[in-house]
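Both complexes below contain subunit A, partnered by subunit B and then by subunit C.
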Partner chain A sequence: MPATKLSKTAAHDHASRVFDLDQMSLRELNQALHNLTPGSNETAWEVLNPKGNHSVAVGVDQPITIDVRGSVGYYCGGMNSGSAITVHGSAGPGVGENMMSGSITVKGDASQYAGATGKGGLLVIEGNASSRCGISMKGIDIVVHGNIGHMSAFMAQSGNLVVLGDAGDALGDSIYEARLFVRGKVDSLGADCIAKEMRAEHLDLLQGLLDRAGVTGVKPTDFKRYGSARTLYNFNIDNADAY
Partner chain B sequence: MCGIVGLFLKNKSLEPQLGSMLSQMLISLSDRGPDSAGIAIYGAPSRNEAKITIQSAKPERDFRGLEAELAKAIGTPVTIAVKSTHAVVRTTPAKIDEAREAIQTLRPDIRIMGAGDVVEIYKEVGLPEAVVDRFDVRGMTGTHGIGHTRMATESAVTTMGAHPFSTGADQCLVHNGSLSNHNNVRRELIREGMTFETENDTEVAAAYLSSQMAHGKNLGEALEGTLSDLDGFFTFVVGTKNGFGVVRDPIACKPAVMAETDQYVAFGSEYRALTKLPGIDNARVWEPEPATVYFWEH
Partner chain C sequence: MTYRNPPTTPRKSATFDDYTLSEIRRAAATGIYDIRGAGAKRKLPHFDDLLFLGASISRYPLEGYRERCDTSVVLGSRHAKKPIELKIPITIAGMSFGSLSGPAKEALGRGATLSGTSTTTGDGGMTEEERGHSKTLVYQYLPSRYGMNLRDLRRADAIEVVVGQGAKPGGGGMLLGQKISDRVAEMRTLPKGIDQRSASRHPDWTGPDDLEIKILELREITDWEKPIYVKVGGARPYYDTALAVKAGADVVVVDGMQGGTAATQEVFIENVGQPTLACIRPAVQALQDLGMHRKVQLIVSGGIRNGADVAKALALGVDAVSIGTAALVALGDNDPRWEAEYNELGTTAGAYDDWHEGRDPAGITTQDPELMKRVDPVAAGRRLANYLKVMTLEAQTIARACGKNSLHNLEPEDLVALTIEAAAMAGVPLAGTNWIPGKNGF
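Right, the complex of A and B next:
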C-alpha cells in the first residue's frame, strides 16, 4: 500500500511551537497535540528534553511536523495518523506502534518491536532496530538503515520491511503477505518464511521505498526478498498429531 | 515488569556519589514496580573487617544488646551500625562465618541479607524513594552497586522476596523476568548443600551463579551457564566483590539499556534511568544483545 508522501513545506512558514518536557508535563504536550484541529496553523512542533519519557506524541492525528530533540522511551508516535515525527536520538520499545499514516524517523537506534502492528505510514530507523521489528505489521512500511534483531516481522500481515544491514534469527516466522527485503545476511528464517524471486515489480517497489526513506547509494538489486511460503495458511490434516 | 539498575565506576572520582547516583536511577524507574525495592552497594575494602547485613521485623528488640552478646559469643570485638530495620555487623574477616552462625543462634528472627568484605544490602517493601530514604542510601560511597524495584510475580511481597538476592560472599543479583525451572534447579542446588531463604525464583538464579563460581568459574563463565541451565525470562544484573555483569535470555523481551563512558558502566531497564548520569549525552549507549554476557572487573 503506497503511503502518502508528506509535504514539510508548510511547516517552515511558521515558527515552531516548542514544548520543553523539563518545564511541562507529558500530558500537557500530548493534550495540546490532540487539541489540534484540521487547518490549524500550528504545523511545526518541537519537543525538548524527552529524556526517555514514554508515549511522547502518541495519537497525533493532524499533518504536522514534530521534532523530538533527544531519546524517547516506550511507544513514541504510537497510533500516529498523518504527522511527520523525527526523533533526534534513540527510541525505546514500540516506536510507531500501530501507526496509521504519516512518518516517523528515528535518527539513532530503536528498541524492540518498532512499528509493531502498524497499519500504514513510513517508519525509518537510521541506526539499528532490535528484536521483533515489524511484528504483526499490517501495512506499514519500515526502512532500517542498520541491522534488525531476532523474530522480526513475526506474523507480519502486509506492508514492507526494508533492512540495509543484517537480520537476526527467525526472520518472518509465520509471515502472511508482508514483503521483506534484506541487503545483508539473515541469521535464520522463521517457520514458513522463504527467499523469493526479486521481480521487476519488486525492484520498483523497493526503489520507491528507498527514495521515500531518503536512502541513497544503495541499489535495489543488492537486496534479497523474503516472504511467505503459504504452507501454514490452511490446516493440514497430516499435522493433527501436533496439536 | 520490575525495574533494575546497575552502576560500575571505573575510577575513584565518582565514588563519593555512587549512592546518590544509583538512588536517582532506581527512583526514576519507580513505576516499573511499586511492591518493594532494594539496593546493594560495594564499599571500600578494609583488610581488618568484613560485614554482614542483617534485617529484623522487630529491630528494637533484636538489635538491642546484640553487639556485646555477639562479641562474647565469637570472642572478638564486633561493631553494629543500625539503619532502620537493617544493621551492618562488622568484625574480623576470619570470624565472619562464626559471627553469622552466632547471630542465628542469638536472634533466630534475624534474617541475613548478605555478607562479604565490602557489600551492604538494603531491601524492604515499599517504593524506591521510601527505601532509599529509610536506609540513607544517597549518602553511601562505593565502587559499584545494583538496585531493583519489584512488581512481584513468582512469590510473596515480603522483605525477603525483594531483590537483590545474595547467596555468596559479596555476590548479589537482581532480576527482571520470571524463571520456569527454578524448582528443579533449587532441588539440585540443595543437593549440593546450598540453603535457601525463600521460594523465590530469583534466589535460585543467584544461588546458581554462586555455585558456579564456587566451582571455579569466573563471573563471565558463570553468567554464560545461565543461558543453558536456566529456563524463562531474565535480564540479570550481577555484582561481585570486584565485578559487574549483565546477561539477557535469548528471547530478551525484558528491556535493557547500557551506557559506558571513561568514568562508568551503567545499566537501566530503560534509558530514562540513565538520563541524569554525568556525560550521558556523549556516552556510548546500547541495548545489550540477547544471550550475550557482558562483564567488567576492577
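Right, the complex of A and C next:
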C-alpha cells in the first residue's frame, strides 16, 4: 500500500497529498513539507495516524492546508509560517509555538503553553487549553472556546487572547501590551494585570477575532477585557512586594 | 612636653572593606540592589594557577616557526548534516543587539570572519549587520525568544539553546529602559523605554526530557542540517553536560562565573555559579563517562584572556573556548583614551561596568546614536582579528613547546598547578609533587 498518494480534487486543480505516519517517518513528512516551493500545486495535505508524534508539521512556510487526523504530541505546527493546520484531535504541549503567520485549529483540547511566544497568525482551540496558554505571546491571536489554565498569558507582550470559558489563577502575570478577553470567570489576576474598560474599538476587535475563529452565537459584550496596569514597566523599589 | 602613648595605625576591617562599606551606603541611600555588567570581579582560582611543563628529556618539542601545529576544530559532527568547521578554537560568545550597539555587533562579525571563527547572536534577535558580516553565525534560542523567527533560524549556521549563563545561572536577561531604542523595541515586540527583564525559564519546555523534544523540533524545522548547542551556566557542570548530551546536543557550552553579562545584580554575579576552572573537569568527565568526549564538543567560556588560557582549557579536554568580555576590550571597551568621560561617570577606564545605562563612552554597550559612532566596525573588527591571531599564536607556541602538532593534543599531563585549590579543580598535580587532591583517596 503506498504511503502517500497524489490525487486531483475536482473542485480545484490542486493536488492533495495524504501522508500516513504509520507508513512513513516524521522526518519524511517534515522534509516533504519543507521541500514545497512557492506556487506548488500540492496545497492540500492530510496526515494520518499522528498518534501523539511530536513536531508534526513544524516550520512549514507555504500557504497550504494540513489536516492532521488524530492527536499530536509536543510542538505541532511550531513556527508555522502561513499554512493552515487543523488538528482533528487534541494537541500536546506547545502547539503553534512561535507561530509566525497562518492558522492552527485544534478540534480537541490543548496542553500547556499553547501558542507560546507566537508572533502572528491565529490559533483556535475548540476545547480547553491547559496552563500557560499564550505565554510570552508576541503578536499571535489565540481563541479558546473552552477554559484556560493557570498562568496563562504570562509575560504576554502583544496580540490577543480570547477565552469563551473561564481562566485559571494568575491570568496575565507580568503582562505587557497583549489584550486578554475572557467571557467567564477569572480565578485571579497575576501581577500588574487588571480589568480594563471595554471600548468600542475593543468590541470591534473582538468581533473580528470571533468571526475569524468561526465562533457564532457569542457577543463581544459578554466579555471582560484585561491588560497591563503598566506599573511594573520600569523598576521601582516600592513595587518590590508585587513580585 | 607631655608623653603620648604611641598610637596604633588606623586599621580597616578585612570583612568591612572600603568596597563593602560603599555598597552598604549606596544600598541605604537608594533602596535598590546594584546592577552592573561584566562577570565576577572577585579573585578566583583561574588558569593563572596552572603552568605547562614544556618539553624535556622525555618529551621533545616541535620547531616553533617550522613545524605545523593545527588549530582547526569541527563543531556539531554528532547529528548535524552541516557541522561547523572553524580555523581556530576560539569563538565569539553570544551578546545581544540591544545590550551592544549595531556597529559593535558588526565588528564582532567582521573580526570573527577574518579569523575563520564564529560569532553568536544574543537575547535580541539576529540583525542584518551581524548576519551580513558573519561567515559563521550561531543563533541563540533563548527563554525570551525576542526576535525569534523561522527565516533567521534557517539562515543561521548553528543554533544555541541557552539554558543559562555563567554570570547568572538561574537568572534571565535584563535590559533597562534607557537602552530600548525604537529599533530594539521593535525587534523585541515591546514598548520603547520600558525595563525588559527576560524570562529565566524557557516558556515551552521544562527539564531534560522536554529539552530532548525541543531539540527534536529544532532539528525537524531545520531538516537536521544545523549543529545544536546547549549552553549552561557553570552551576552543575557534570550533570548539566550529561543531561544536555542525553537531550541530543551536538555541542555543550559551559560558561563559568567570570563570564560577562550586559546587566545583572552584583549580588548574583559574585555569588552564584562556579569559576570556569572548576567547571571544566566535571564537564569533560561527564562526556568521558558517556563515551562522548570529542564526539559531542565542549566549549568553555568565562575569563579567557590569552593564548595560555586557551591552551590550558584545551589541555583539560575542552574542544573550543568562547570569549565575550575580552572581545569587547579588543573592540575598544574600557579604553583609557576615554578616561575623562569615565571619570564623569564616576568610574575609571578598566573598571567601567555600568553597561546597562547605555552611556558607554566607547560606544559599544549603548544605543545612543552619537556614542555608537565611535565604533568603526571595520577597524574594530580588524583589532578583534589581530587579537584572535595573537591568542592563537600564543596557544600554538605553548603546544609546540609541549611537543604537540595540534592544540587538541594538549593534555592534563602537560599541566601542574600552583595552588592546592587549582590542583583539585583542574585535577592536575600540585607543582613539585605528584599530589592531585581528591585522587587516590586523599
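Points to keep in mind about this one:
Just so it is clear, the second predicted complex is superposed on the first by the 222 of 243 C-alpha atoms of A that agree within 3 Å, B and C clash if a C-alpha of one lies under 4 Å from a C-alpha of the other, contacts with A are read in each partner's own complex, and residues count from 1 in each chain.
Basically, a contact is a pair of C-beta atoms (placed from the backbone, for glycine too) under 8 Å apart; a residue touches a chain by one contact, two chains touch by 3 or more.
Quick caveat, the model's predicted, so the values are computed rather than measured.
By the touch criterion defined above, A:Asp109 reaches subunit B but does not reach subunit C. Within the superposed three-chain model, A:Ser16 lies out of touch with both subunit B and subunit C [touch as defined at top].
Touch criterion met: A:Tyr233 reaches subunit C, while subunit B stays clear of it. Applying the stated contact rule after C-alpha superposition, one finds that A:Gln31 touches subunit C and leaves subunit B untouched.
Once the two structures are overlaid, the count of subunit A residues touched is higher for C than for its counterpart among subunit B and subunit C.
By the touch criterion stated above, A:Ser90 is placed in contact with subunit B alone, subunit C being left untouched.
With both structures placed on the common chain, the touch criterion links A:Gly52 to subunit B but leaves subunit C unconnected.
Shared contact residues on subunit A (touching subunit B in one structure, subunit C in the other): 73-74, 93, 112.
Subunit A makes touch with subunit B in their complex at residues 51-53, 71, 73-74, 90, 92-93, 109, 111-112, 130-131, 149-151. Put simply, subunit B touches subunit A in their complex at residues 250-253, 255, 257, 270-275, 285-287, 290. Within the complex formed with subunit A, the residues of subunit C that make contact are 30-32, 144-145, 148-150, 153-154, 176-177, 188-191, 193-195, 199, 203-205, 210, 213-214, 216-217, 220-224. Per the touch definition, subunit A reaches subunit C in the complex via residues 26-27, 30-31, 34, 54-55, 58-59, 61, 73-75, 78-79, 81, 93-94, 97-98, 100, 112-113, 116-117, 119, 132, 135-136, 138-139, 154-155, 157-158, 176-177, 233-235, 237.
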